[in-house]
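Presented sequentially are two complexes of subunit A, the first with subunit B as partner and the second with subunit C.
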Partner chain A sequence: MIWQLDLSILTLIVICAFATIMVKDLLSAAIIFGAYSFLMCLLWTEMGAVDVAFTEASVGAGVSTVLFIAAVHQTTRRVGFRKSGRGLSKAVGLVAALLTGLVLVIAEKDFPGFANPFTPASLHVSPYYITQTLHDTNVPNMVTSVLADYRGFDTMFETAVIFTAGLAVIAILRRYKKDDRCDLPDPHVISAGYPDTIIRFVARQLVPFIQLFALYVVAHGHHSPGGGFQGGVILGASFILLAISYDSRMIIGRMSEKWNILLGNIGVLIYAGIGFLCLLLGANFLDYSILSKVLPATDKIMARSHGMLGIETGVAIAVMAIVVSIYINIVSCGKYDKDE
Partner chain B sequence: MESIISDYNYWIYILLMMIGLYAMLAKNNLVKKVIGMSIFQTAIIVFYVSIGAKEHATIPIIAHGHGHGAVEAAIDVTHYANPLPHVLMLTAIVVSVGTLGVALAICLGIYRRYNSLEEDEIQEQLQ
Partner chain C sequence: MSFVEQAPVLIVILPLLSAFLVNMVGLINRRYCLPFAILGIFGSFTASVITLIRIMEHGVIHYRLGGWPPPFGIEYVIDHFNGLVLVTVSFVSLLAVIFSKESIKQELPEKIPQFYTLFVLLVTGLLGMTVTGDAFNLYVLLEISALTGYALIAMGDNKALVASFNYVILGTIGASFYLLGVGHLYIMTGSLNMANLLTILPDLYSLNVIFIALLLILVGTWIKMAFFPMHGWLPNAYTYAPSAAGCLVAPLVTKVSVYIMIRIMLSVFSPLYVYSVVGLSDTIVWMAVIAILSGSILALAQTDFKKMLTYLIVAEVGYMVGGAWLASSSGLTGAILHIVNDALMTLCLFIFAGIVIYKRGGQQLQDLAGLYKKMPITMAAFTVGALSMIGVPPTAGFFSKWYLILGAIDAGKYHFMAALLVSSLVNAILFFRVIEIAYFEPKVDHHGGDSHKVAIDEAPLSMLVPLIIVALSLIVIGLYSGDIVTNIIQHSVPAGL
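Take a look at the complex of A and B:
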């Protein structure tokens, strides 16, 4: 860790945060927020959190920005002025923010020293994870082994949360009736104007490589940064790229709403199913070492490694389906029936 | 000066949290409020990852650790960053895209009904 780099990135982050709040155009705010996320990604890498950086690059700088742009496309870029009570709301916000800041500044004295290797957070269970991950699971990337094995329950319910978010977006936005109001120019096309051949051609050629890379990220998460979440988001992003460069009919034809919801279900069920399989074989829920009984030529340690790969695949499928589903619902305002 | 540089991450996390909270409370535009919520979330993530950082530590992947007969040499705990905050924050980032999707969906639903994203204009129509 290099403190000069740390300082300059953090300063840029604060500038971006101020700019994205202050700017008077929502599209600009979305783009500046993308830059903010990208700087965050640099910050994580600089602090040694490569898996977090990977996630931030694909989720924060990638999909979040696209979602903001899709929402702005469906609504308006305009930021109006408050007609009355403007001073009051600003004062209330400022007082609340300053009070929170004051409390945190007072508490800051008791925080553990920054970059100190002997803080309480680094002394309790974390040394066990660092020293035993190779011995227990044969997975050198300890973030993957903690995520998928030692704390597998957490991750299972995080996946369930993503799935619930996808369901919530469908419940809020989806409209099946044809004669619904909200007159949109064309619910499918985000790129205004004429179709651009160069962009379409390049996007179409890129998609297989993006998907191959996503599969690599999922499969190689044991040995390098990456895993189910990142790979799933990249897979979803490849579909979103097609949807942006063509229109959303292009991916609805390939991945219908029914399939999308089904794949989201299947992903979560793969995760829970592997857990139940362990239970059926006589071990605890999500204790993959028992899988050596059913997997050929596997000892207990490698069984844990393979079990992690199984649940990462489930996570990737669920995340991909949900990301695509959220994007299509937002960009078309919930109106994307095939027969339109 | 020394304490400001050494705890710079903590000061910035407090500042980002204040910016996010201010945007959520004081901004009139709903999308701006959602951006404030995202900034608030990233502030928390800065805090967690800063706690997991260690001086002179490398990324939490054991070097030459793959393949059979992997190095069984003693692993120095202070040599690797703390993986636990990374795991928690990795999933938090993915959940934040879920919350962002739901928040934007609610904004779109409001816009569909009231044809505005401004808080005061919506309140006028509600009364």
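Take a look at the complex of A and C:
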């Protein structure tokens, strides 16, 4: 904990937050927002929350920036605020924000000191997780065991949130009618006019390595930072890289809409299904220890570890499919398949 | 596995699993979506009823997810209060999904699989928020119900897109406030389990930060339930949503938010803290009075029937918030009973609005003209709903209002009682205006023929049956509200009040 470093990162974060809101060019706003996420990621790492930092880097700084840019590319770069009649609501908003800020500052006076090891948060449930994880679940990375086992029910619904987001994008953007065309010339090509051989070659060579790394992140989540969310996002990002360097038809040829939807469903179903299997075998929902009945040569503790690997795989599949599906829906103005 | 023992988790898991099945069979054939959606919600309804019966026999049920003991794992805690809300939510969803069949064919024929998946996921979210005993788990399910709600509303026309965008912004702010409040509690206690928080917090009651955590959570839930003046997102969002989505969102989302507020007040903070230590009661009851009056007056100004209903929701939210903060046992009883009644009344009126839109293609007040002759059964059911909104005995609406008024008298808050009476009067004016238009003014006949030969042209059965059931249930609940109060609600009202 180096306070000079914390302070400078926090200052930059505040600057980035203001800049994101104030800047008139939406593309710049998206990029500054990406920088904001990277700074957050640094801050998490500096505070020792490496798993959170990993997620922030892959989701916040990585994929969401790409999605923002794709959305800006399909709409407009300029902010279209209405100038008239907004004075009052702006004033009300400002007062509400200042009031909230004031209240938060007052609350902060009662907080325990920063990085104080004797806070309630580090003395109440945390010691149990720290000391018992290996004994309970045989998983060395306690973040994974809290996420996927102790509080695995939350994570299942977090995966369902991602699924819902993908579905919401389809529900709102997807257009099935043939005459309801996008007015852009060829929405599939985000890098129109630049069929750059070097970029395409490099992207093609990189993709297998990115995917291999993603699989490692998923599989090694038990022992090191990482897991299904991060791995899934990286897998999805590798497809998006191809889509940007070539065009999105290349991806649609490999992952059709039906496949994407199916994979998204299967991913979450793997998670909920493992939970339901535990219930069918006679234990409570998501109580993986009962899986030792069906898994060969596994005791109750190891079964928890295997159960977590199973659900992490499901998360990765779902997240990958959803990220790709959201990207293609945005970039193709909801037209999706090329031959429609 | 025993169904009864696992029922608490099945309430949430059955609709969740069916959501994915709905989505996958939708890839094969759109017609298979509805049966799976109905099946999931029906399973959830059965599990809720079983759970409620078990609670009435054996008391509070605890269910450990993943087998972990609280506060280390997540726990479901179901007492009489959320048992009742669970049955209400699953019952209303079941009727709404049956109603949706024809309406969705007309309004969104291309996106049936997406619609039903989002629909069932929204039901999952609402049930999950109600059943949980963990403050953070509640937030995760809040995200699910919010996201699905935004998407379902945005599936309407262009106006719905704009309304949904406003809802996204305000809803996200509301959810962030809730999360911020829970975060403050976590910093100070290290726990997320509600029962655990209830035992740790008394030592910290003197600190400002606990009060601020309560404020943050309250403001978060108020934005989510559209408590005046934080109601700005609601009228347009609910007016322009597809009818089938409106029938689910309008009756339930605000009511579950009220449930969350009461749950946090009673089970995280204690009645002692929220009513005595913190001097908020007077202020909040005044806010509720303003909410009731503003909602009623704004409803009077509307010519759009559905928009009029949305402003009535804003007024009804005032009823429940005020009732919960009266700090009297009848007031709290009234607020809890009103969660059930208002969900059913709103469902009744929104199904009616959906039928009008389906048959007439519009939702303005003049679109209702001549409906009594054309659709006598629909109008009879609507009249029951309207009478219940006004608060005419023996419909359900009368009894919750009765308890609320008793509570206002107990607490000496006569301004709240006056607001309730004014609001009933306004409701009477509003609905008699509607009934007048529908009864006396015949629809203008362009062919110049006589208006005597009006053929009866009822709504399809799949719309009519849920409407009749909900209208009947309003009367049945009205007749049995004494039993509901003594057998269920009394157990969840704290004794000291």
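The working rule: the second predicted complex is superposed on the first by the 329 of 340 C-alpha atoms of A that agree within 3 Å, B and C clash if a C-alpha of one lies under 4 Å from a C-alpha of the other, contacts with A are read in each partner's own complex, and residues count from 1 in each chain.
The rule is simple: a residue touches a chain if its C-beta (ideal position, glycine included) is under 8 Å from a C-beta of that chain, and two chains touch if they have at least 3 such contacts.
Nothing here was measured: the structure is a model prediction, and the numbers come from that model.
Novice: Superpose on subunit A as described above, then tell me if subunit B and subunit C fit or clash.
Specialist: fit
Novice: For A:Ile326, select first, second, both or neither according to whether it touches subunit B, subunit C, the two together, or no partner.
Specialist: First partner only.
Novice: In the superposed arrangement, which partner chain does A:Ala160 touch: subunit B (first), subunit C (second), both, or neither?
Specialist: Touch status of A:Ala160: second partner only.
Novice: For A:Thr133, is the partner it touches subunit B (first), subunit C (second), both, or none of the two (neither)?
Specialist: In the superposition, A:Thr133 touches subunit B alone.
Novice: Touching A:Pro208 in the superposition: subunit B (first), subunit C (second), both, neither?
Specialist: Neither partner.
Novice: Once the structures are superposed on A, label A:Asp110 by its partner contacts, choosing first (subunit B), second (subunit C), both or neither.
Specialist: second
Novice: Is A:Val125 in contact with subunit B, with subunit C, with both, or with neither (first, second, both, neither)?
Specialist: both
Novice: Among the partners subunit B and subunit C, which is in contact with a greater number of residues of subunit A?
Specialist: So, of the two partners, B touches more residues of subunit A.
Novice: Between subunit B and subunit C, report the minimum C-alpha distance in the superposition, expressed in whole angstrom.
Specialist: It comes out at 5 Å between the closest C-alpha atoms.
Novice: Output the subunit A positions appearing in both contact lists, the one against subunit B and the one against subunit C.
Specialist: In subunit A, residues 104, 108, 111-112, 119, 121-122, 125-126, 129, 151, 154, 158, 161, 164-165, 168, 172 are touched by subunit B and also by subunit C.
Novice: So in the complex, which bits of subunit C are touching subunit A?
Specialist: 1, 6, 9, 13, 16-17, 20, 23-24, 27, 63-68, 71-74, 110-111, 114-115, 117-118, 121, 124, 128, 136-137, 140-141, 143-144, 147-148, 150-152, 154-155, 161, 180, 184, 186-191, 200, 207-209, 212-213, 215-216
Novice: Touching residues of subunit A toward subunit C in the complex: what are they?
Specialist: Contacts found on subunit A: 103-104, 106-112, 119-126, 128-129, 149-154, 157-158, 160-161, 164-165, 167-168, 170-172, 174, 176-177, 258, 261-262, 265, 268-269, 272-273, 275-276, 279-289.
Novice: If you look only at subunit B, which of its residues touch subunit A in the complex?
Specialist: For subunit B paired with subunit A, touching residues are 5-12, 14-29, 31-32, 35-36, 38-39, 42, 45-46, 49-63, 65-66, 70, 72, 75, 77-78, 80-91, 93-102, 104-109, 111-112, 116-121.
Novice: Taking the complex as given, what residues does subunit A use to touch subunit B?
Specialist: So the residues of subunit A in touch with subunit B come to 1, 3, 6-7, 10, 13-14, 17-18, 20-21, 26, 29-30, 33, 36-37, 40, 43-44, 47-52, 55-56, 59-60, 63-64, 67-68, 70-72, 74-76, 79-86, 89-90, 92-94, 96-98, 100-101, 104-105, 108, 111-117, 119, 121-122, 125-127, 129-131, 133-135, 138, 140-143, 146-147, 151, 154-155, 158, 161-162, 164-166, 168-169, 172-173, 181-182, 222-225, 229, 233, 319, 322-323, 326, 329-330, 333-334.
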